[in-house]
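Once you scroll down, you'll see the structures, which are given as structure tokens.
Each of the two complexes below includes subunit A, the first together with subunit B, the second together with subunit C.
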Partner chain A sequence: MNTTLILQQLFNGLALGSLYGLIAIGYTMVYGVIRLINFAHGDVMMVGTYIAILAVSVLLLPWWAAFLLTIFATAFVGVVIDKIAYKPLRNASRISSLITAIGVSFFLENLFLVIFGGVPKSFPIPALFSGTLHIKGVILPVISIIVPIVALAFLAILMYILHNTKYGIAMRALSLDMDTTRLMGANVDAIISFVFAIGSSLAAAGGIFWALKYPSINPLMGIMPGLKAFAAAVLGGIGSVPGAAIGGFIIGIVEILAVALFPPLAGYKDAFAFLLLIFVLLFKPTGIMGEDLERGRF
Partner chain B sequence: MLKVKDLDVYYGVIHAVKGISFNVPEGKIVTLIGANGAGKSSTLKAIAGLVKSKGNIKFLGHDIRGKQAHKISNMGISLVPEGRHVFVNLTILENLRMGGFNKKHSELEPLYEKAFELFPILKERANQKAGTLSGGEQQMLALARALMSEPSLLMLDEPSLGLAPKIVAEVFDIVKMLNSKGMTVLLVEQNAAQALKIAHYAYVLENGAITLEDEAKALLNNEQVRKSYLGEM
Partner chain C sequence: MKRNQILTILSIILLFLFLWYANNNLSAYYIRILNNTAIFLMLAASYNLINGVTGQFSLEPNGFTAIGAYTAAILTLTPAQKEAMFIISPMVPWLQNLHMSFFPALIVAGIVTAIVGFLLGFPVFRVRGDYLAIVTLGFGLTIRVVSNNTISITNGPLGLKGIENYTNLWWTWGFAVVTLIIIMRLINSEFGRAMKAVRDDEDAAIAMGINTFKIKMIAFVTSAFFEGVAGGLLAHLITTISPTLFTFFLTFNLLIIIVIGGLGSMTGTAIATILVVWGSEILRFVEQPMHIFNFTIPGIPGMRMVIFSILLIVIMIFAREGIMGQKEFSWDSLFKLFKTKKVANK
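Our next item is the complex of A and B:
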């Protein structure tokens, strides 16, 4: 295999990894503030892609307006899920919330199966995102270049929010100590809603890019990316935002390169993320960026 | 300023606070003393809105029992929790920012100045994580953070816990100084000797009930208190 091809695959891996990273941030932030693995998060991404397809093909919005609407609408969906399903269980045992999250996941998948049917819909790709670039013999789809750039931009904005705004600082405080955050006069429920809004909007962005890369969407499309993003969040250190991004990149690159270097393994491509997950859990359960579990997050 | 009447706190079947009543008048230091598990912390948590309670809690004439903790904080009650609970993952400045969560941006700068004037050690380390501070420094930070919201009632839960005697004296000096500038203080302490020295009025809590109350000076000389809480034979 020559360097050009490896370089090309590396870029593809980077693009795929950015998608996992975008979704993983939602897992990691929600875990950070309420110690819940939100297994419905992959399905929130799926909801985002359906909102996007409706915005483009029913509301006939231009792509940028459709994407903005998708991001805000999905944020709202995430906040509503928290209010209805998780908030009543805030003081219940963690396993109850976890089971509820799996329930929400099944509910969303089946709700969308009922509404839209199981036949995959094709996602309309704006011309801007469909071209390819040729750089010194490396052939790159435009989308594979845009995705990592946008993902990194979102990550930078998020890190700015977490360190320079009072709600961001409060999220980090909350990840350490909920009661003391209340004592500061901060409305913890509002901050948790904000976290769900951020996580879900990033999942929506991930979903849109996912659909642009693999333009066939169905109600179960969120499961596999959701699980891999979960693996990415654990690999990076659950609770750590930069960790989620790094974990996403690693899993994306490993998946693509493994298949590129050993084509007979193509059928096992979904297994690599979980293989990594198993190794992390065996040898460094706190993940790459994870610290002591009691020391607060982000 | 604060009037507590018939306050009950339950944790499941455990009756931690059993119908206690006490007052904290404006400008005074009132202390609740008592052994570990007497219900002191539960009382403060109930006032701050962190645990559910029954009875009557009036602050500046408003009924605050059952209100959410952040609303009570915004009304002007600040609790320095037991064990300090500084946000170890945030810098000192960020901890102070959290303390002044509901302050406008323009109000913050003078409040930081005030905090750094009171606790110069915090200024030197403003951008360090609070987790790197010593226990005494963390107590100073917890106090400074509580003052950022400019409370009218400051509640302190065991501020001397786990601190060297020299630091304890420093903390109590600061509390006394704050009080001399008009701050009303509700102090909960196991270290009864120190607490009674700076307080105006004191209540003794035993097994969730108030068994004794008097001027702090009088309690210092009370034989029963001396035996039970001041370690005299």
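Our next item is the complex of A and C:
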């Protein structure tokens, strides 16, 4: 294994990691605000890619318009899921909400299986994103360079929203104490909807880039990225947005490099994220950036 | 007390009389569904022991069932069969020559699964609540990845074929009844009360001097044992197993059963198992073309799972208690019901 190859794999890992990171932000924000593992988040990403494919191939929109439409439509889907399935359970036990979230996840997967069938569809890739770059012998797909840049841009925008806008400040307040935030006159329901909208739109962005990188989409495609992104969110410290991004990068790079360095392990790559997750929970349950959000995690 | 035991034994005899009738008179299709009902009853009851009674929400039964199914199948397959089947890479020699009859194989399957559950318990019970759910989900997934890749033990994605069809109504219902009796006795013992204490308030249980880790472990290992045995029965019912059989889908079905029946009630689990297993057979009509007057409505394959997932969401929102809540059936309460009715009639 020479340096060029390692460098190449490192970039691939970075690209995959930023996808995990984009999805992980949605988990971490929803968990931070209403303490719910949004099991259906990976499936929301899948819904996003199907909206994108419909926008491009049925509505015949140019790719940038299709992507914008996808992001807004998926945000709407996320908000609707919250209103219908999670809001009635806001005061119930957390396990009830988790079971409901599992139900929503299965509902989305099976609904899309019924509508679109299980046969993978190919995702149309705009010319801008195909192609490869050759830099001093390192061969890089263009998409592997664009993805981390876009992910970091989204992260910067999100950090700006969280720290400099009224809604962002309200969100951070909500994650500390919902009742007090309500007493301060903030519209808690609207803020939670906004959190779901942000999380789902980032999942949509992640989904679009996932489909550009692995252009074969099917209704069950959201499961693995969703679970790994959750592992990333916990690794980074659940409740922390930069933590989710860092966790995503770590899991993406570890996954790619482990397979590149030890090819016989390739079959086991889907298990890495979970072993990592178990180790993190055992030795540092608050993750890299997280604070102790609750008692009982030890 | 004595009356109740006699009544219980009588109803078990009645159940087996019905099975004897079914075995001789019903078609293979119905016998198959009856077998499925018993296996799902075992799985759901043991799953409810850890999820409902002990309140440790976990998502691992597909992993445990897979371990049980593979262990039992590897043990009952003859060395010659194994040699013919493992074409990608030959089987590990000591497993290759291992051979047992059906019943010991099932017990070994249960014990192996229980040992895995015991080892898994150490890391996973250091976390609670939704983290436990995700970690155990990851375990189920890891088992699938491992069974896909350890080709010299599990034959990888090709799976194991030609498993002898030993499972019949007597085995499945026999084990289901034994499972229920043991789990009910466990629930009504000192340990069972501790399990409920852990569920209702873990901190209070610790304060009362309960070793919560030990209690969770007892529930988890018991549940793993019976899920392993049920996996073995399943393998010898369908005769072909592969890693794709043990996806999260299996866990989801069990979750629906215990939620409908009521988390923490074995009676509810029994009722819900019958409802879900037979209901999903009845619901097959939505996946076949329908003729209403002169219109033909095309069947929609996969629609049953959509219905089941909507059902799960609706139950969680509107009827979180399920059918039985945390209550159990008992002869005493049945008699009391009749007595109060008589009084009301007067």
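Here is the rule we go by: the second predicted complex is superposed on the first by the 293 of 298 C-alpha atoms of A that agree within 3 Å, B and C clash if a C-alpha of one lies under 4 Å from a C-alpha of the other, contacts with A are read in each partner's own complex, and residues count from 1 in each chain.
Here, a contact is a pair of C-beta atoms (placed from the backbone, for glycine too) under 8 Å apart; a residue touches a chain by one contact, two chains touch by 3 or more.
Since this is a predicted model, take the numbers as computed values, not measurements.
By the touch criterion stated above, A:284 is placed in contact with neither subunit B nor subunit C. Of the two partner chains, subunit B is the only one touched by A:185; subunit C is not.
In the superposed pair of complexes, A:166 makes contact with subunit B only, with no contact to subunit C. Counted by residues of subunit A touched, the larger count belongs to C, out of subunit B and subunit C. In the superposition on chain A, contact of A:100 is made with subunit C only, not with subunit B. When the two complexes are laid over each other on chain A, subunit A has residues 296-298 in contact with both subunit B and subunit C. Within the complex formed with subunit B, the subunit A residues making contact are 166, 169-170, 172-173, 175-177, 179-188, 295-298. Interface residues of subunit B, counted against subunit A in their complex, comprise 48-50, 68-70, 73-74, 78-79, 81, 85, 87-90, 94, 97-99, 101-102, 131, 145, 149.
Only residues 55, 57, 123-124, 126-131, 133-135, 137-139, 141-142, 145-146, 148-149, 202, 248, 252, 255, 259, 300-303, 305-306, 308-310, 312-313, 316-317, 320 of subunit C touch subunit A when the two sit together in their complex. Across the interface of their complex, subunit C is touched by residues 36-37, 85, 88-89, 92, 94-96, 98-100, 102-104, 106-107, 110-111, 113-114, 223, 227, 230-231, 234, 267-268, 270-271, 273-275, 277-278, 281-282, 285, 296-298 of subunit A.
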